[in-house]
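Chain lettering (A, B and C) follows the sequence in which the chains are written, and residue indices restart at 1 in each chain.
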Amino acid sequence: MAAKPNNKQNGNARVVSRLVLIVVGMFGFGFALVPLYNVFCDLTGLNGKTSGSAAVIESIEVDKSREIKVEFLTMLNEDMPWKFEALQDSVKVYPGQPMKVDFIARNMTDKDMTGQAIPSVTPGLAAKYFQKTECFCFTEQVLKAGEEKVMPLLFIVDPSISEDMHEITLSYTFFIKPGTEGADRGVKTSSVSKALIN
Amino acid sequence: MRAAIRVAGFISLMLSSGQLLADYQLDMRPGVTSFSQGAYEIHTMVMWISVAIAVVVFGAMTYAIIYHRKSKGHKASSFDDNTTLEIVWTIIPFIILGFMAVPATKVLLEMEDTSNSDMSIKVTGYQWKWHYDYLGEDVSFFSNISTPDSLSLATSANVDRTAETYLLDVDNRMVIPVNKKVRMLFTANDVIHSWWIPDFGVKKDTIPGFINESWIKTDKPGVYRGQCTELCGTNHGFMPIVVEVKSEKDYMAWLAGKKAEAAEAAASAEKTWTMEEQMAHGEKVYATNCAACHQANGQGIPNVFPGLVGSPVAIGDIAKHIDVIINGVPGTAMQAFGGQLNDADIAALVTYERNAWGNDVGDMAQPADIKAAR
Amino acid sequence: MSAVIEEHHDDHHDHKPTGIGRWLFSTNHKDIGTMYLCFSFLMLFIGGTMALVIRAELFQPGLQFVEPEFFNQMTTLHGLIMVFGVIMPAFVGLANWMVPMMIGAPDMALPRMNNWSFWLLPGAFGLLIASLVMSIMGMGSAPNFGWTFYAPLSTTYGPASTDFFIFSVHMMGISSIMGAINIIATIMNMRAPGMTYMKMPIFVWTWFITAYLLIAVMPVLAGAVTMMLTDRNFGTSFFDAAGGGDPVMFQHIFWFFGHPEVYIMILPAFGVISQIVPTFARKKIFGYSSMVYATSSIAFLSFIVWAHHMFTTGMPVAAELFFMYATMLIAVPTGVKVFNWVSTMWKGSMTFETPMLFAISFIIMFSIGGFTGLMLAVAPADFQYHDTYFVVAHFHYVLVNGALYSIFAAVYFWLPKWTGNMYDEKLGKLHFWISTISINLLFFPMHFVGLAGMPRRIPDYNMQFAEFNQWATVGAFIFGFSQLILLYNIIKTARGRSTEKATSQVWEGAEGLEWTLPSPAPFHSFTTPPTVK
């Protein structure tokens, strides 16, 4: 077999190293999609995700010309053994008006547990305008066995929200913090795989 | 020649979808809402445009296959390019696509407007059932497949497969009034499910931790059925959806009935039940909630789901038995049913499991015991 | 016995290595190509058996053969094996065999990496199939979450075998990436003098573009499964709402890979057809440059349409509209390609040997799949099709009646070049007709049951869907068993006992460097590059 001329080998090396760079770059891009996705969602509120930290609102003008109904839904993931309710089903607010709503959570078990509330807003486009200044969803909630806690939510609907938004639904889902007491989601479907261990 | 016949055969099959084989449903149903009808119209338009293009293109191919063949003595031409033609058959499809995109856009924009609804229902997907919560009405319930025997190879033969509603019937239907805009909110308890009623044209994924919305409005009373349309685990194929659309009067009556049922369940938690009552009720609760894993005969599946016949839990300490049902067994597939079943249901279930299949422990639990144990 | 040394006889130094080492340590593109093709054929039968288990269960309403949990494992592994173990390796095998010969190169640019690319695959699939064996032995479910492995079903709720699945996918991915790098380097650097880019055969072009798609998106898949791995085992929450993650983000990342992936599986098919039709029409491919531009447009567009798989997740309208329009646009360059093939046939002088039968069939049936794809692109209608058998019908039409048929066509087309023997034409035609009738019996009724409302991935269904499901099952068994005809034909041809010998050119209308080599092509070919005018 004739020896490959040297420039062909160099040519190969060049092409290959460039391609490997692309491969590594695309692998990184896959991971970059994570923050990119979050940034995109933060900017546009597109998937109903609200911010995970308190909004800082300077003085804001209340728009008394229209009212927005904000509805509250509560959900316990995987039948988490807590009681979780909003003290009000819904409130009517003016855009720009600060509002406080209380939620109650109670640990129904005899063990201390840690939960995390995850908010979700619909319509998704409204999420960007739903500013929480104080929320129990910003931190984990530790409830001792049997403990009940009142958890406040303070929010303002940004007046720049579009005119045709009249109704916002905010849903909180409480999850047991992964890795803590009682967290064993997913066991049902992986049950067959655990059969041998049992 | 054969190719030509084959091609013609398929085209005529597509064209005659309405007339031929009338017994078999070949096409999407137009359904009873403006979305399902909008979707049907677009579907039909795109399909027939596609058929038309196929007839032209396959027709040209067929012609070439018949006449431009070596065995007929046809000599090959030498053209291999025609820029004008290329431009024409790039632009024409582009225009046809634009023509399709306009009505599609209209229908889509209409579907997204959930404002000004008359009522709201929150739908939660569970493995493997649905939960409906009528917001503001204090009515909420689970909706399970009505034939839990369908879920396993061992018991599937017990169910009548020729039944018209086989795999499409539930114990508690979702009921809505006719002519009202019903806002639907969707979420899930565990994995992603998807709620779909073909006749409504509504399909939305239910995602744990997130909330989605859509709406339904129809002027046709009736019973409409659908299924879960996102793989969600073992029994994905066994969580049907049944929505009944009633007149407004009938809907109010149903709603009142549901509230009365809830009150009755609360009341029955106060009373003392007899053994017969509990065995009967317990058998039903067991069939709906437990038989999927522990099997109707209580034998379970060896190495997978423990049997309850003669099991330490079912014939041992009753308090422990109650605890297992309310709180589940951490680290196993036995979930906590405390949130899904009320006191009367759990009491009946405990009694049933302790006395059925020859267990015959003889004791029973009352709703008050369950309430105390929570 | 001449004392004269002949300079351009490639075949008289044809000392192939022997024994098992020949295959384990091969750096020869022909042998590696053969291994890829044999591997993919084996996987076709394995994945096909799983399909028959599925179709047997779906023959009638009721559960007759398998538990729902096992059924989910069948559908998952069937998909994974067919996508990653059949279609992709078969096309890589065809590329390995044909690309160097088509461009006048002696071998691939990186022959040792080529070896590793192949041998990763039996490892990867061994792992996957081992999880199935373990499942059958009662040790825990094999992957059961669909080939699309959405979170959280595959992360929080996945069986223990999921981590093996992830490892397996990583190995398949590395194999594909290395293969793609090899192909690009080969095409860019090793074309014979005079072979400019716009003189390359279309098969080489389509593989060139496909290779770029591979290196762009396989790493994203690797990222997705790595995120799954850390979510499952190292406490991250990429896809877990509980930790601030998002299951829908999984779908975005997966389909960013997934959509270009399906074009990776079809562009080489387009290339094969573009070689076969001109040969049997005895006429040059119509519109060579627009074929190249169309293929490139399809590849580019494939990056911006991924969310058409996610219309029901609750996307905002603006996004739904964008993805709808972009997806519909793909019909334009695809249509151009179909028109060009038909124009190649037009006024040609056609004969209909087996490769041509499969190629013509491809054009018709792939187009049908393309039309249902257009229907699926239209978002409001998609709400009725998504996750039903209508989608199953669509993708099987484009992947089986489409890609797999092009692979069959390629095998018949090039088998004489590979073995030096003509395959049995009668058996070839028999294979074609039985396959084609049964494959349509199998997949066409799925359109109807999907439109009637039958969801995907269910082991049991209501009576209203029974009739067409029965037809499909009958079609499946006939189609499955008819592949044994192909197996027999290949073995018979390779052994060459009672076969006609093949000439260099093999087919009357065949043009290209590969047809200037003797049949069988010598172990080392084009050790001295030819000059292309």
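By our rule, a residue touches a chain if its C-beta (ideal position, glycine included) is under 8 Å from a C-beta of that chain, and two chains touch if they have at least 3 such contacts.
Nothing here was measured: the structure is a model prediction, and the numbers come from that model.
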Between the pairs A-B and B-C, the one where more C-beta pairs touch: B-C
Chain located farthest away, centre of chain C as origin (C-alpha): A
Separation of chain A from chain C, taking each centre as the mean of its C-alpha atoms, in whole Å: 38
Cα-centroid distance, chain A relative to chain B, in whole angstrom: 27
Whole-Å gap between the CA centroids of chain B and chain C: 33
Contacts with two or more other chains, residues of chain C listed in rising order: 69, 138, 144, 152-153, 156-157, 241-242, 246, 248, 314, 316
Residues of chain A engaged with two or more neighbouring chains: 47-48, 77, 118, 122, 173, 175, 185-186, 188-189, 192, 194-196
Residues of chain B engaged with two or more neighbouring chains: 190-191, 208-210, 212-213, 233-234, 303
Touch list for chain A against partner chain B, complex: 47-48, 71, 73, 75-79, 81, 89, 108-109, 118, 120-123, 164, 166-167, 169, 171, 173, 175, 182, 184-189, 191-192, 194-196, 198
Residue ranges of chain B in contact with chain A within the complex: 114-116, 120, 122, 124, 127, 135-136, 185, 187, 189-191, 208-213, 233-234, 303-305, 327, 330-333, 335-340, 374
Residues of chain C defined as touching chain A within the complex: 69, 106, 109-110, 138-141, 144, 152-153, 156-161, 177, 180-181, 184-185, 188-190, 215-224, 227, 235, 237-238, 240-244, 246, 248-249, 252-253, 256, 314-316, 319, 524, 527-528
In the complex, chain C residues that touch chain B: 60-69, 72, 138, 144-146, 150, 152-153, 156-157, 241-242, 246-248, 281-288, 290, 312-314, 316-317, 320-321, 324-325, 328-329, 331-332, 335-336, 338-339, 342-352, 357, 360, 363-364, 367-368, 371, 374-375, 378-381, 383-384, 386-388, 436, 440, 444, 448, 451-453, 455-464, 467-468
Chain C-facing residues of chain A, complex: 1-2, 8, 11-12, 15-16, 19-20, 22-31, 33-34, 37, 44, 46-49, 52, 77, 116, 118, 122, 124-125, 173, 175-179, 185-186, 188-190, 192-196
